[in-house]
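The structures considered in this document are given below.
There are two complexes below, and they share chain A, which is joined by chain B in the first and by chain C in the second.
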Partner chain A sequence: MAERMSALSQHPPSVWRRLDPAAALGRLSESRYWMYLLLVPSAILILAVVLYPTVYGFQLSFRQMRLNRPDLGTGFVGFKHYIAMWSDKVFWLSLRNTAVWVTFAVIIEFSLGLVAALALNRNLPGTKIMGVLILLPFFLPNVVAGHMWALLLDPRLGVINDILVRLGFLETYKAWFADPSTALGAAILVEAWHGFPFFALLLLAGLKGVPDDLYKAASVDGAGPIRQLRLITLPMLRSVIAAAVILRVIGLVNSPDLLLILTGGGPGQSTQVLSLYAFQKAYKDFNFGYAGALSVVMFVLLMLFAWAYVRVSKVNQD
Partner chain B sequence: MITTSRRARLGWNIATYAVLITLTIFCIFPLLWTFLTSLKYEADIVTQTIQYIPKRITFDNYVAIWTQSGFPTLVFNSFVVTATTVVLCLITGTLAAYSFSRFHYRGRGALMLGYLVIRMFPAVLMIIPLFILMRGVGLLDSRFGLALAYTSFLLPLFVWMLKGFFDAAPKELESAARIDGCTRLGAMIRIVLPLARNGLVATSVFVAIAAWNEFLFALMLTTSQGSRTWPVGLQLMVGEFQLPWGVLAAGGIISIIPVMILFAIVQRTMVHGITAGAVKG
Partner chain C sequence: MSTLTLNGVRKSFGALDVLQSIDLELEDGEFLVLLGPSGCGKSTLLNIIAGLETPTSGDIFIGDKRVNDVHPKNRNIAMVFQSYALYPTMPVERNIGFGLEMRGVEPDTRKRAVDGAARMLQVDHLLDRKPGQLSGGQRQRVAMGRAIVREPELFLFDEPLSNLDAKLRAEMRTEIKRLHNRLGTTVVYVTHDQIEAMTLGTRIAVMKGGVIQQLADPMTTYEKPANMFVAGFIGSPSMNFVHGTLAREGDTTTLKTDGKDSTTIRLPRVAANLENLAGRKVVLGVRPESFAANASEPDLTGTIDVVEPTGPDTLVVLALGGQTITARLGPKLTVATGETLGLSIHPDSISLFDPDSGNRIG
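Now for the complex of A and B:
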């Protein structure tokens, strides 16, 4: 053993440094392309696991691909799926439901989030802990959130039904998720609970950046709290609001999780939204081509919205 | 907000407390009710008149979910997937965040935006090809494959949040180390990473919570007990066995305990990181 050690140490030190991977990486870090090299691992991962599948998905929407009908092959079918969509009633219904779902959820979440942020920003004693508790729902999993509310709103043993009946708002217990006229509304309530802390979080951070002097000047000029909110707070928060709304809309349009857990699109198709419909086309009917086309349409609509929204919120600035 | 008269201020204070207490109850009540339900006997859950305060308490539901189903396996799988995701994010994301934070070069802004745009791609559009792809390379229904998918869509958030923490670490110490003969890599590992320790922990926790909670990708990309995570397992149990409410509630409480503990430990740094990224970006 000792002999081997001495034999090894006879090699000139420069050879050792070249063989040592840590030293090699250290020397690599002195290269002028180091900043790009640092991006390589993450870029490879993103290209392979996000970008490639997305491009593949676009391409899929022009192809026939039904896992349960291998006899149909996987040839190109051009715009067949897109044309089929035009006369697909469920597509139009889920488009409408998506609009309702996103619009109302964002409005409610923004309003609750703004109220929470304004209240928390006053930093009254004892409100810190409430700030933490208010943020909590945002970090809870969809699966648990969904089942918690399913229990609260249950037609037989739901405590919300019980409270509403006791207070006289309801005659009898109501099956919120089984009635097509209330199912989407109930789902929006659950989503609002889950998502409003996100707005509270971002708006609170934005409020911290508004200089106090503005409020002092405004109150010297005799502006009350409501006018201060309208003339100072909201304009100062514009970019935070824009960012929060865009991020939330993307999240709401893209993820079918909560509706999948709460209603599965039913009763009938009354809570069917685009993302869920595409998902079910893929994994219930195994019609990957049509599901691909649905998600492409969803993606394009989302991009159009984001583009229009950014434009409108910039135009207002001038 | 500054109001002139003392009475008006008192009024606003009362309104503030009223709003915050109402919102806190709104946020916490479902959680509290689930916890109470998990402690009740099934006979006390399915009753004519609802018991607000349980008359008797039992831990049978916890025992049932833990012993009579594959729940421990599910939790273990989730743990492995989450840990793998965090490690992958730490290795690849830290390097990228460091590059964005410390160097100024052509295309930096565009690249940073590119990382963010990734978040806009619909999961559904991505999942179908990912399913085909992973089946092709034998990563379908494997914990590593799932962690790979999580890493790819959590990386953008990880990089943006961590960049903020790196930006806040002073550059002078790093320069001093470079003068003393440290390589760039050495300076990053010995100086910058220890300085941004809290940020690294908070960002990792954020990613860990997201991976632990994720449902849709796990539902699609896992098909057997060997790699299935707890959200999928719990959801399938509800469908297959008509899981009793008490047992379901116990499962929910068990699975959110890690989230609540992690959140409680790092919530201040984490919240700071999320908001700093959003406000600046």
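Now for the complex of A and C:
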């Protein structure tokens, strides 16, 4: 006993160091496992809320799952949903509408965003207030923006109808979302209003990184504003534009909320898009298998788009 | 080639005066260096000459033509920037020829001009590359090629060598001087590097707070600085300043240094106006290389504080009363810290400044 006591008293500092949790953590932080340990929480989170649902969605698309037809069971059905999709007219119409919706919305949002960013980048008096005002639409949730515009464009009470009639552009009030020829166009304009600040914000951040000397050099060389935009501004913003377009396209393809509020896919199927169709298949028809297959198609299309866009925009070249 | 004249050029941003009435006249073929610390207004002045900024008042003439309202592209100038400002998407060939392209020069003529400039600057093997694939020095050469290909009346350089490492900077400095000798174009060159100013300029305008402190050829600026700011800004190590009071002892003029451990420095030069200054408080300015070790008849004696051998010479920091001076002495000096050292002062290299205004008085 006395021997053990003396042995302890001989090495007390190292013993204490081994027991101290802070010191143990310190030693761990200098080991090569530390990096992986730090990644564990985010990896778990991603596995739980991203990877698992994605894999489950894939799996769902190969199974039968109709909540209102429990008699059919939940068995494996192979490519049944994909084959059904091939001859589903609404699917093809939704695909076409999605292409139109995304293309025009992104073009308009990008153009408006670029103009806004170029204007805000000039640092003229009042640009700070203008900057906040321009960002306002983006702060509104889709649901609020949707209801607001539904009211503004209302066929009986809508203030926009009133203005257009007073200005002589329209003879009578128009039900924008009830006419198949105008519904998608009107919805795209609402989306453009709501989404352009996203581009304005990212492009403005990009513009701040373009050296002033380039514009000075171009000015001395004799290049006008349009040439400067084409030869300096847009090439310098290439990676920002690529990131913004990809993010926006993903957002537009995946979120049905604005169209759900404004038109619900109607009139008829004239504003039906893939995300809304998948949503309705799942929560109106309770056909989760088919909705899963639709989601997988959207996923593949988005992957293909992002891959092709990065290749075409040569964003990785320099 | 052309002359450049600035008459009373001012620039204010709100209440802040960046330039205060600048007057300048440049002869044909001159190389003017605008030298000064950050924020002294030198780049603003260059931008005003280029037409990239408008002056609040005053006139700018290139040749006989008043160019205040002339767009930069029509001033027949060429500019080289610190950041090179090469167009990132264009290959070197188009970068160099872009100014000519914008002026509608035929592709054949343009190609000849670009090839000539590229050969002169030794970048002819890089014509197909993009700026991103070039090194700093190569980019700077391309930027200079872009300027000379236009055969402008006036070259404007905005700190063109500041982004290069020391060795490359010295090389490009020589290159710029060679280019100026060869082309003979009038140049305005902005820098905060006094070595560049001394080596390149036919005249130097030292600026501070939007005012030209001194406009003179490099040696005058170095040997007879107009004030203590110029004296301290040009030269490394900078000029020694010793605060004290002038006195006459028989035929010799002396300076009794300020501070509690006051000591006396003999001034070898007896300028006529110095006699009238006896009893006056002054600041003595002596360049480090104007001292020589002299044990027999020293003009001043101090205690060695630090010895710094640099190779070609030895820097000796000397405590002199409560003040310190640095002397640049010969390479094989055998002195040690704590020893007493006697120094003589070269008679032609004494500057005297007014302690209040800082201006040169003799």
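Keep in mind that, in the parts below, the second predicted complex is superposed on the first by the 282 of 318 C-alpha atoms of A that agree within 3 Å, B and C clash if a C-alpha of one lies under 4 Å from a C-alpha of the other, contacts with A are read in each partner's own complex, and residues count from 1 in each chain.
To be clear about the criterion, a residue touches a chain if its C-beta (ideal position, glycine included) is under 8 Å from a C-beta of that chain, and two chains touch if they have at least 3 such contacts.
Because the structure is predicted, anything quoted here is derived from the model rather than measured.
Novice: Pick one for A:300: touches chain B only (first), chain C only (second), both, or neither.
Specialist: Touch status of A:300: no partner.
Novice: One more residue to check, A:236. First (chain B), second (chain C), both or neither?
Specialist: In the superposition, A:236 touches chain C alone.
Novice: Could you look at A:223 and tell me whether it touches chain B, chain C, both or neither (first, second, both, neither)?
Specialist: second
Novice: Comparing chain C with chain B, which touches more residues belonging to chain A?
Specialist: B
Novice: Which partner does A:107 contact after superposing on A: first (chain B), second (chain C), both, neither?
Specialist: It touches nothing on chain B or chain C.
Novice: If we overlay the two complexes on their shared chain A, which of chain B and chain C does A:310 touch? Say first, second, both or neither.
Specialist: neither
Novice: Between chain B and chain C, whom does A:83 touch in the aligned arrangement: first, second, both, or neither?
Specialist: After superposition on chain A, A:83 lies in contact with neither partner.
Novice: Applying the touch criterion given at the start, work out whether A:214 contacts chain B, chain C, both or neither, answering first, second, both or neither.
Specialist: second
Novice: Give me the intersection of chain A's contacts with chain B and its contacts with chain C, in residue numbers.
Specialist: Residues 216, 219, which sit in both footprints.
Novice: Can you tell me which positions in chain B touch chain A when the two form their complex?
Specialist: Touching chain A from chain B are residues 1-4, 12-13, 16-17, 19-21, 23-24, 26-28, 30-31, 33-34, 37, 45-47, 50, 52, 88, 91-93, 95-96, 98-99, 102-103, 105, 108, 111, 115, 118-130, 132-133, 148-149, 151-153, 155, 159, 183-186, 188, 209, 212-213, 215-216, 220, 231, 234-235, 238, 245, 248-249, 252, 255-256, 259-260, 263-264, 267, 271, 274-276, 278-279, 281.
Novice: Which part of chain A faces chain B closely enough to touch in the complex?
Specialist: 25-30, 34-36, 38-39, 41-43, 45-46, 48-54, 56-58, 60, 112, 115-116, 118-120, 122, 124, 127, 130, 132-137, 139-145, 147-149, 151-152, 156-157, 159, 162, 193, 197, 201-202, 204-206, 209, 212, 215-216, 219, 224-225, 228-229, 240, 243-244, 247, 250, 253-257, 260-261, 275, 278-279, 282-283, 288, 291-292, 294-296, 298-299, 302-303, 306
Novice: Mind listing the chain A positions that touch chain C in their complex?
Specialist: Checking each residue of chain A against chain C gives 211, 213-214, 216-223, 227, 231-232, 235-236, 318.
Novice: In their complex, what parts of chain C are in touch with chain A?
Specialist: Against chain A, chain C makes touches at 47, 50-52, 71-73, 77-79, 81-90, 98-99, 102-103, 130, 132, 146, 158.
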